[in-house]
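There are two complexes below, and they share chain A, which is joined by chain B in the first and by chain C in the second.
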Partner chain A sequence: MLKYTLKRILLLIPTIIGISLFIFLAMEAASGDFVSTLITEEMTDEEVHALRASYGLDKPVLERYVDYMWNLLHGDLGTSYTSRMPVMELFMQKIGNTTMLAVASTIVCILISIPLGIFAARHRGSIFDNISNVLGVLGLSIPNFWLGLMLIVWFSVQRSWLPPGGNDDGILSVILPAITVGTGHTAILMRTTRSAMLDTLRQDYLRTARAKGVSERKVINVHALRNAMIPILSVALTQFAGCFGGAALTETVFGWPGVGKMVVDAVKQRDIPLACGTLIMKCIIISLIGLATDLLYVVVDPRVKTQFASAKRGKRNG
Partner chain B sequence: MKNVKRTLSMVLALILALTLLAGCGEQKETTPAGTQGGNTPVETTAEVAKNYKKKIVIGVANPMTDDDPQGLYDNMHATMVNLSHNQLLTYNFEKRELEPELAVEWKAEDAKTYWFKLRQGVKFSNGEEMKAEDVQFSFTGREKLLTESTQSATFKKIESVEIINDYEVRFHLKTGDADFLTRMYIQTFAIVSKKACEADPNKGYYVGTGGWKMTDFVPSDHVTYQRVDTSWVWDRDGYIKGINPTEELELRYQPEASTRTAALEAKQIAANASIDMAEYDVVSANKDLEITLLPAEVLDYLIINMNNGVAAKDDNLRLAIAYALNIDEANAFAQEGLAKKTLTIWGSSQYGYFDDFENKLEFNLDKAKEYMSKSKNPSGVDFKLYVTNNYEPMATLLQGQLKKIGVNVIVKQTDKAGMAEVVKNGEHDGIFMSITLQAIGDRFHFVCNPNSATNRALYENPEMLAKFDAALQEVDDAKRKELYKEIQIELNEVKPYIPFFYEVLVVGKNKGVEGEQFLPDNKPDYTYIRWAE
Partner chain C sequence: MEKTINATAAVKKEDPEVVLSIKNLTVQFKIEKEIVEAVNDVSIELKKGKTLGLVGETGAGKTTTALAALNLVPNPPGIIKSGEIRVCGKDVLHMKKKELEKVRGYDIAMIFQDPMSSLNPVFTVGYQIAESIRIHNPGMKKEEAFEKAKDMLEVVGIDRARANEYPHQFSGGMKQRVVIAIALACDPQVLIADEPTTALDVTIQAQVMDMMRDLKEKYGTGTIMITHDLGIVAESCDDVAVMYAGRIVEQGTLDEVFNDTRHPYTEGLFNSLPNIKNRAAKLHPIKGLMPDPTNLPKGCAFAPRCKYATDACRERQPSTRHFSETHIVRCTAYDDPDFMIERSRKS
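For the complex of A and B:
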């Protein structure tokens, strides 16, 4: 187990090198650089060259990349071109907000999708199952952007119940963004829960449990759900990890000060150190969540631990 | 089951019908107000102050990235500087003239020498008095401004700033610049405190003479200001009587236009200087808001590549395009017909404005077809038109208009950085974009300058450039205006640029909000903003 964990952590090194190289090359391939966004009508070509040199953008891309990686090795994620502030400081300012949004949207998602998924599986083919299927498709089809704006109009503009954006009002501020992100996720998780439960509910051991007089609630909540948990956990945590990279649109709609919006702005402004540094940090977080997911399987399903142990024994015995 | 299906079908049909009906709204007629209001002075005694909100949030469309007042110059950063710093002069867009700010008197001794007498008793936010040495330091004491400021060209022009006494300075320029005085209202030429900057080179420039001091700066998110009670701006005539009752101000980056509008309607933000024109009808119907249409110094225009574009060496094609463009239709499409058409690229407040041309350009499809038939490609031609994302709908409209004469417009989208690269490589036949104008006569020096980084028409005209240079050296008003007139006449004949109209800005605030100044150059000043509860 420890070896597996270390292996996964070590895998981060080539991942980071790959990601940083990809971002450097991709942003280099995009037309224009950071200085292009600063040019004003009064500047001459000479002044633009001088400005480019002051940011080191006159050097070849590989030289800049090697410099960047050298600094990264020393724990320095670089300095943002736009704000002239350390990338790590900028990242730390915003990662808390993104984490809050990720946690809140995952809670919304789990609270709705798991009970609905179980209910739909238990009443397969019923009108409720059909309605939940339709709702699932609807949840997947509704664009986050549109839903966010509609929620703002309904709950902020028309009823003044919740703030329309920003993060000034504590927990109240996160409700609408969390529902927006959570809705799409809810649809997927509900369908995963439904199908995982359907597979489990067909198992003989549940019939046996019922025959032995175990209550239906216990059969479902303890025996069936726990066995169906691996795909559910896998999807839920993948979605949670995805929030760190994919909530940029929601963050933009709600003016939520998270890292997603920061990366979008960094790309628009061709701020390579900010885009690269932030994506590296996101990559580390997402990888760690992936690792935590794998480790959680062991807790949720003891069979996984047994598989690990037998694989280890098999190796030892040649 | 059959009944359920039938009920569901009926519900869906009803939803569809309601959705279609919702699209059939009545078009509201609008009238441009075109005022920059909100300057009603208010006596702010302690008793009166209790009736106002202590903190005000303002939604802004563009990210704040630089906290240095002398660094970046765009609408967002100018708005920030308006709060915390002042310049030597200010510009009154209604009177179209320069007015005193930190300088109370000024004089152009010749095109290279400018004298200023400073306002006495002005204090920085750190309590120090502003003196001549601070002015000298602001223009010559910060070396990085020579390369890193987007106004580096002007900083480089300054040979020295002579201190005559504590309250008088004289600028000596390396080359003549008849626009130098007008430049002094540009926010980048803010006066910073010498002592504060020397003590803390990284944050010392936060100390200014404005009514507000920056207390928190989170790039691309928000910037917060605390009121400076000792600022001279609270004693200024015509703005406010006493200190602004607002104690804290926040500019919050809300990139999505609909979100800003919703935040305004939900009273989360006090004001919004960039409401989407598409939302004008909706917000103007809201009785809790005061929505104004402000004629702006922002020009929408078409640029034609004069170097290697398809219309570069084809005068007839350029004329065909110019006559085929229905600018009234474009105005109705993008600006609800409220924008003011123009024949010159000069701004209406810009020094040397002239538009009384003999050959006035009017939409005329027959003439367009006639010129097209005389062009090098009478049977039709492809025309690569580059736009930034916000002008994509306009590009589609132009595509339809030019198709009528056989010009096949291929619309290509890019962003600001990408556009610079397109121009550098000369990949375009045309560009549609906007430019924020200034009162400066020399604003368009770049349009025929081969060394300019923003000569997007790639137009080289040494004679015209010589006229621009001569105008910059000329202190005689009449002679200088004559030079700019000649330039505008020539540009109208050659047509490397086809001006469309000056945009109208939709600006809005909640009822009870006063003191904001939405300005035609789209750089609002919120120094005196207050919100009665």
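For the complex of A and C:
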């Protein structure tokens, strides 16, 4: 287990190299650099050149990349061009908000989708199952930014129950963004729960449990759900990890000061150190969530642990 | 030839020795628009400490009958159309859910056919045995129930230290022992063993059968042994009921059914067995297949495969005929007082 964990963490190194190289090359390929956003009409060519040199942007891209990686090796994520603050510090300011949104939307998602998914599976083919199917497709196909705007219109503008944006009202301000992010996820997780439960409900061991006198509620919520948990867990945690990478749109709509919005802004302004540093940090977080997911499987399904053990044994023998 | 006793079943008073009584049970499965007639008018009585063999081909309705005894017929698609089932005198078909949960596993328990899929893969075997003990002893502490579960493992011949292991860490035979331990955890009055050895290889089969016999003697449990293996029946049963297409065609004591076989189908089953005295002899399987249970013939369901079948057999359902107090046969051919199957003529 420990060996596996270390191996997974070591795998982060090539991932980080790949991601940062890709960002550097992609930003190079895009037209214009950071300095071009600063140029004014009165500037002479010399002035522009000097400005570019002051950011080190006159050097070839690979040289800049090697410099950046050298600094990264020493734990330095670089300094943002725009705000002239260390990237790490900027990231730390925003990550709390992103985490809060991720946790809140995942909770919304789990609370709705797992009970509904179980219910749909138990009453397969019923009116409820069909309605939830339709709602699922609807949840998947409604664009996040549109739903976000509509929620603002309904709950902030027309009724002023909830703040329309920002994060100044604590838990109240996270509700609308969390619902917005959670809706699409809810649809997917509900479908996953439904199909995993349908699969499990057919199993013979549920009959064994009923024959023992286990109550129907426990048969479903303990015996069946625990077995359906692996696909549910893997989808839920992938979505949770996704919240760190992909909530930029919702963050923008709600003016939520999170990491997603920061990256979008950084890319727009060609702020390479900020974009690259933030993405590297996100990449580390997502990988760690992935690792945690794998380790959780062992807790949920004891068979996975045996697989780890036998893989190890196989290696020793071979 | 013996006299045929056309006894009209006298209405008997409830016998306290009877732990399981099934009367006129009919179970159907509704699949899309078709109705599968899985069990038709089956009546069985099981006394304390006795073993009843329920014999028949795959699809004869044995397992469905057994599941009905626990009121566990999956619904939908299964419906118990009519009949009465009493476990230790309690009517399991008209019970509240809570009461039913108290009967299942406590008064009546079942050993399922396939040990590979009958255990929950994510719980330890100790937990799965202890769960049953805790349900039926509500005041009991977790640790105490787990200790009892370990005792049960020992009873079925598994080291008690293995209680913390998961089903996938056990072999097939070991899993079947765990399934048996779960069924026996609360000393049930009635035990239904649904082909308990089919999934096991021969050496393990003998071990499991020996163990079950020992346990029966120890606990005095009434057992229904569902099997298609006549060898197992001969070895372990007191009474036998032969099922065909959802009906019991012949039933009686082991001696009556084996040595005074009356029904052509039972004869067919015996003829399908290899003859140990004449190993060169050909097997005589019953020709044809079991009828489609969604479309049973109007008359006797066995008539299309029966070499003695007459027009009368094809026309109407056979009536029940008593050859002794216990020996009951459903066959129209016996309307002819001189009728005998080949097996009876030989002996």
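Convention: the second predicted complex is superposed on the first by the 312 of 318 C-alpha atoms of A that agree within 3 Å, B and C clash if a C-alpha of one lies under 4 Å from a C-alpha of the other, contacts with A are read in each partner's own complex, and residues count from 1 in each chain.
Following the convention adopted for this analysis, a contact is a pair of C-beta atoms (placed from the backbone, for glycine too) under 8 Å apart; a residue touches a chain by one contact, two chains touch by 3 or more.
In this text the structure is predicted, and so the values were computed from the model without any measurement.
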**Prompt:** Are chain B and chain C a fit on chain A, or do they clash, once the structures share the same frame?
**Reply:** fit
**Between chain B and chain C, more extensive residue contact with chain A** = B
**Which of chain B and chain C A:R303 touches, first, second, both or neither** = second
**Contacts of A:D199 with chain B and chain C, given as first, second, both or neither** = neither
**Prompt:** Touching A:E47 in the superposition: chain B (first), chain C (second), both, neither?
**Reply:** first
**Message:** Students often get this wrong, so check: with C-alpha centres, what angle lies at chain A between chain B and chain C, to the nearest 10 degrees?
**Reply:** 150
**Request:** Check the residue A:V253 against both partner chains and state whether it touches chain B (first), chain C (second), both, or neither.
**Result:** first
**Request:** Figure out whether A:H223 sits in contact with chain B (first) or chain C (second), or with both, or with neither.
**Result:** second
**Request:** Applying the touch criterion given at the start, work out whether A:E28 contacts chain B, chain C, both or neither, answering first, second, both or neither.
**Result:** neither
**Message:** A:L38 in the overlay: touching chain B, chain C, both, or neither? Say first, second, both or neither.
**Reply:** first
**Prompt:** Could you state the shortest Cα distance, in Å, between chain B and chain C after the structures are superposed?
**Reply:** 16
**Request:** Could you pull out which chain A residues touch chain C in their complex?
**Result:** 203-205, 207-216, 223, 226-227, 300-303, 306
**Asked** Across the complex, what residues on chain A touch chain B?
**Response** 30-34, 36-48, 50-51, 53-54, 80, 82-85, 90, 93-94, 127, 149, 152-153, 156-157, 160, 163-166, 252-255, 257, 261-262, 265, 268-270
**Asked** Touching chain A in the complex: which residues of chain B?
**Response** 4, 57, 59, 63, 65-67, 72-73, 147-148, 150-154, 218-222, 252-256, 258-259, 262-263, 265-268, 414-422, 435, 443-446, 449, 451-454
**Message:** Give the list of chain C residues in touch with chain A in this complex.
**Reply:** 70, 72, 97-98, 101-106, 109-110, 112, 114, 117-124, 128, 131-132, 135-136, 166, 168-169, 179, 182-183, 185
